[in-house]
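Listed next: structures, encoded as structure tokens.
In the two complexes that follow, chain A is the common piece, with chain B as its partner first and chain C second.
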Partner chain A sequence: MNPHTRWISVVTACGAALLLGGATPLAAQEAHVGNLTGHAAAGKPLYTRYCAGCHGDEGDALGENAQWIDPKPRDFTAGVFKCRSTASGSMPTDQDLYNSVTRGFVTTNMPPWVALTPQNRVDLVAYVKTFSPRWRNAKSAAPLTIPPEPAPNIQGILHGRELFQHLECWKCHGPAGHGDGPSAHDLTDSKDNPTRPYNFQTGTRFMCGETNQDLYRIFMTGLDGSPMPSFADQLQPAEAWDLVHFLRTLQPLQTREAAIWREWVATHGRELKPIGPEGGGR
Partner chain B sequence: MIARFTTLVALVVVASVPAPRHRIAGATISGKVTFTGTPPKAKPIDMSKEPNCVTQHPTPVTTQDAVTGPGNSVRYAVVYIAAGEQSVAQGTDTVRYDQKGCLYIPHVAAMQVHQPLVIYNDDPHSHNIHPLARVNPEWNKSQPKGAPPIRTTWDQPEFIAVKCNVHPWMHGYFAVLATAHSAVTDSSGAFSLEGLPPGTYTVTAWHERFGTQSQQVTIAGSETKSANFVLTARPY
Partner chain C sequence: MVPRFVKAAAPVAMMMCAAMKPSHIPAAVTSYEAHYASARLIPAFARKYGLRCSACHTIWPELNAFGQRFKDNGYQLGNDRDSPIWQSNSYWPISMRTTPQFHMENTTHQPIDPSPSEATITQTGFDLSGVDFLLLGTLHKNITFGLVPTLDADGTTGLEAAFVRFDNLGSSPWANLKVGKFELDNLLSEKRFTWLSNNGGFLYAYHYQPAGSVDNYTFGLGDNQIGAEFSGHSINSYTRYSVALLATDDGEAGLTSGKGVDAMMTLSQAFAVGSGLGPQRVGVFGYLGQRPTAFETIGGNPIPGTGSAFESFVRVGATAQLWFGNLELLPLVSHASDNAALGGSTQKPAWNTALLEAHYVAHPRLLLQTRYEMLRMSTQADPATPKTFGDADAMVFGVRYYPFMHSRAGMALHGEFAMTKTTGMAPLSGDGSGVDALDPATKVWSRSLLLAFDFAF
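Moving on, here comes the complex of A and B:
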């Protein structure tokens, strides 16, 4: 290798190192949802128009509106996401990000972006993936497998209630799921911003969806970046479904689970010990 | 050939007879970590939200982010070889981290990348363990009463703050280092890095509130060299 060629190769190596050192180059980032392929270059103008006001031009959650918003917008440079189908500590799938953009986040300022076309939303997902080097480094994780849901019954709901007591969900979410447990008032997210636990009186929507499957996924994967941990190591699928069915009884809705629960409580309600420090159960 | 065979035999012998922990061949760098300036006052921790933990501590516990002692000694500083190693051995000893009495024990655990870390919940109630990693993956797992330990490793060097969201006063650190040579200072601020081959090393002391400081130490043979660090403390 003569000195000239060596110099060129050094420059090339430095250039490559610079490129690899930052987040993924803009043009290269893609997202795949169903039959659609999103391109970061196409997502950028959409992001600037619809997202940068809160999430910031650099994706750092420092947009001009961010200071007025609580909870704070997601910081895409951290590469940590709440709504995932993957294990805690893994990156979400493109479909997960697409779903988050589509449905928005209840009790926050993030609206559902259903007014944008599906192609627009996939392009946005691709662009959001350019902000953090984690998208390049992290291993891709498989989505959680959710087995078929059994029909709810009173034994399962009562077991779910015992799990709610044993796993100490009530410490944050409160004995009746009103988001008023003893630890509720000084929770902070991973950026040390104050945050609140979910209140099951909110209505039909949870933080990441509204179906029983969504509820199952929320507590199994945890909401990374928030105080909500993953319970995947603690629950067998049958137990997880029992917990789902119990959680449904905490909502102000006419669900199948609530009907079964009301009927049982009308005759056996006195057998129940209240949930809390003294121990739940029957 | 004979020499190579002898080396092989020697290696096999060394490998099959585990050396006692406190007699590692090679040089030692030891010293103390102290501070100048005014450290923050240790504040009493209010654990009244978790009655179990209140009863576990007859005398009230104070915050551990700046634990200092007589002679301005600094506890829970991490001292490690930051540069100068010709080859890096992989630590395989398991590092144990406990949640007990609503505290992390030890407050700071030093470990090498890829070294096994096992996290226990010894309390009669639930904790969530939430390492706030920036470089490594950030995860957050529930560990209820009686749950099996969580076994994990870290891939990248990083000082990772650890918290429990249910008990917000619980706060600790995983010091994940590239080297196998590290120590956490004891209550007298003392540390000791053992088993170092000859060479010139950059030795770094890190403390979560008092910052970092480095110095060069050259080792010729099987000797004990002294290295002391004076970190700057600020009251807030």
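Moving on, here comes the complex of A and C:
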């Protein structure tokens, strides 16, 4: 190689390195959870190992297993996420994504990845954020503030039941929360894939958590990309807690709400109006 | 000196070996091949859950932290899809694994006819392993089963594992009960080994027994055992324990031994330190066993199940799984001792082992690996036996390349070179004539070269 050719090679190589290093979001993308900083470059091989089979190498939900999975895996290129602590339409926080990776989604094929080290998980979050331009363009949103939970009581539970009727939750989730409302069979997600509403009778955990706070957050932020809207504009915090306490009575769990409800129904059950098209909630 | 094949040919040991005989390891000429473990990877799980092999395996068949948690949880991921009722009727929880191969075995100082003569024996050619049929899964939410029939290349069948496990008793991951025949909870698992050759596919730490051991004393930490195991783990399986009560017959069915009970305990703790492929784990194990030294007899032959005058043996050790980026280090140290009656002489034989295995996971589809293990006798059963008799050094190098990685099947192109140096004793691989050298001070070298297609579906 003569000196002239060598110089051209060196300059070309440096230029390519600068171009790739500067233009690829992979190199710069980070995620921050607690005192951990995740790096997309470190997350990429982990993504290939753990995630790409379903979510696809390009994050487009076209992994080789996607065709067999119901519900379909998340399309990261769309930048739309169900489980968020932020307002509907906004991007989730890094902590939200980290929680999703850690917890998994109980009603889907997505397992909890809690066995991975926290550093591995936050690296994965950083890499997932490279797939959609929304991460660069969208404004960061503040997480929802959840007010302290009041103690459940029968008045609140009954009020929650009225809200369940009034907000027409029953149209999808069914009058008894069985996921069999009149609209249940026609629901599709934002990619036109059929989707089913949550069945409170069989589920002990929710897609986005299992605590009362998680349930509060679900209907105050909505599940973007699914038919489940946000009720943040329609519910005051106290009303939202009433709805949480009522929804807990629909689950097969030994909760305080369920105990209060059973005791009240034993003596006042006949006062209840049915939930549904003709119902009044009480 | 006791020729190893004579010991292995004892009636009880013969029965045990037939039951333990592995399937995917090349057939060797002596029953010591029984020490090899059959490795596990289970594409049926990948098909069930739609995950790539690499989700559960560092590089299959070795489990990573996610796979360990999956196994600890009774082959359940913890979502709504664990119970078989969620599976398509066409789903069948079975995988098969086999390994067509070319291998060469070369062993020095092998006694041959006419006696006394020795020669270096080389055995080479294309060969077949047997087939492992891996049926594992859930019968119901939190009820797990395992069934591993094996078919050896010579047509011999076996049942390597058969168990049922009740998971998350009282909704707690700390309480799980497994009953049947199963692998011991070894952190460094031979069942998920990435080694396949005659001289590399087992650990001396798990299978060595000193010269002179009585005929009906057979034991291997790497052998599947029959009994009950109570185990538990934290939510992420970083903290794990197990306690097992086991029959005294080294995994042989049929109540062949007697009324004694062995006990095994393990405890390990992982730490989320560093940025490696997994957490850093350290663990300890202990096995307290016993074997009968007397039997009722008929016609001079022992009557199975009538063993008495039990004498004890002990295995204790510590191990770790350490990650430095993509480099995994697996050290293990152990101490073993047998009662003098089991050793067949006047002293309690005792020995120590230490090993270091290193894996460099260049990519989920490429593994470079090596291991060095040494075994040193500290006390011989017979004071007249040279102290170094039975000492062993084993080295192995290997590479595994996986041409594809998805959730339906797996294949690895496997290359491995292993060599062992034993003092006086025939190598545990059983290569050569399988008989100890004529001079107890002789250094016997045994080498294996293996090129294989290791696949499972």
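In this section, the second predicted complex is superposed on the first by the 258 of 282 C-alpha atoms of A that agree within 3 Å, B and C clash if a C-alpha of one lies under 4 Å from a C-alpha of the other, contacts with A are read in each partner's own complex, and residues count from 1 in each chain.
Simple rule for what comes next: a contact is a pair of C-beta atoms (placed from the backbone, for glycine too) under 8 Å apart; a residue touches a chain by one contact, two chains touch by 3 or more.
All of these numbers come straight from a predicted model, not from anything done at the bench.
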Determine, under the contact definition given at the top, whether A:N193 touches first (chain B), second (chain C), both, or neither.
neither
Can A:T204 be said to touch chain B (first), chain C (second), both, or neither?
neither
Partner chain(s) touched by A:G104 [first = chain B, second = chain C, both, neither]:
second
Is A:Q155 touching anything from chain B or chain C once the two structures are fitted on A? First, second, both or neither.
neither
So in the complex, which bits of chain B are touching chain A?
49, 51, 125-126, 128-130, 132, 134, 137-145, 147-148, 150, 165-168
Of all residues in chain A, which touch chain C in the complex?
42, 45, 48-50, 52-54, 64-65, 68-69, 104-120, 123
Note which residues of chain C are touching chain A in the complex, please.
49-52, 54-55, 65-66, 68-70, 77-81, 235-238, 272, 274-279, 363-364, 406-407
Touching chain B in the complex, chain A uses residues 78, 80, 87-90, 134, 138, 166-168, 171-172, 182-183, 186-188, 190, 222, 224-234, 277
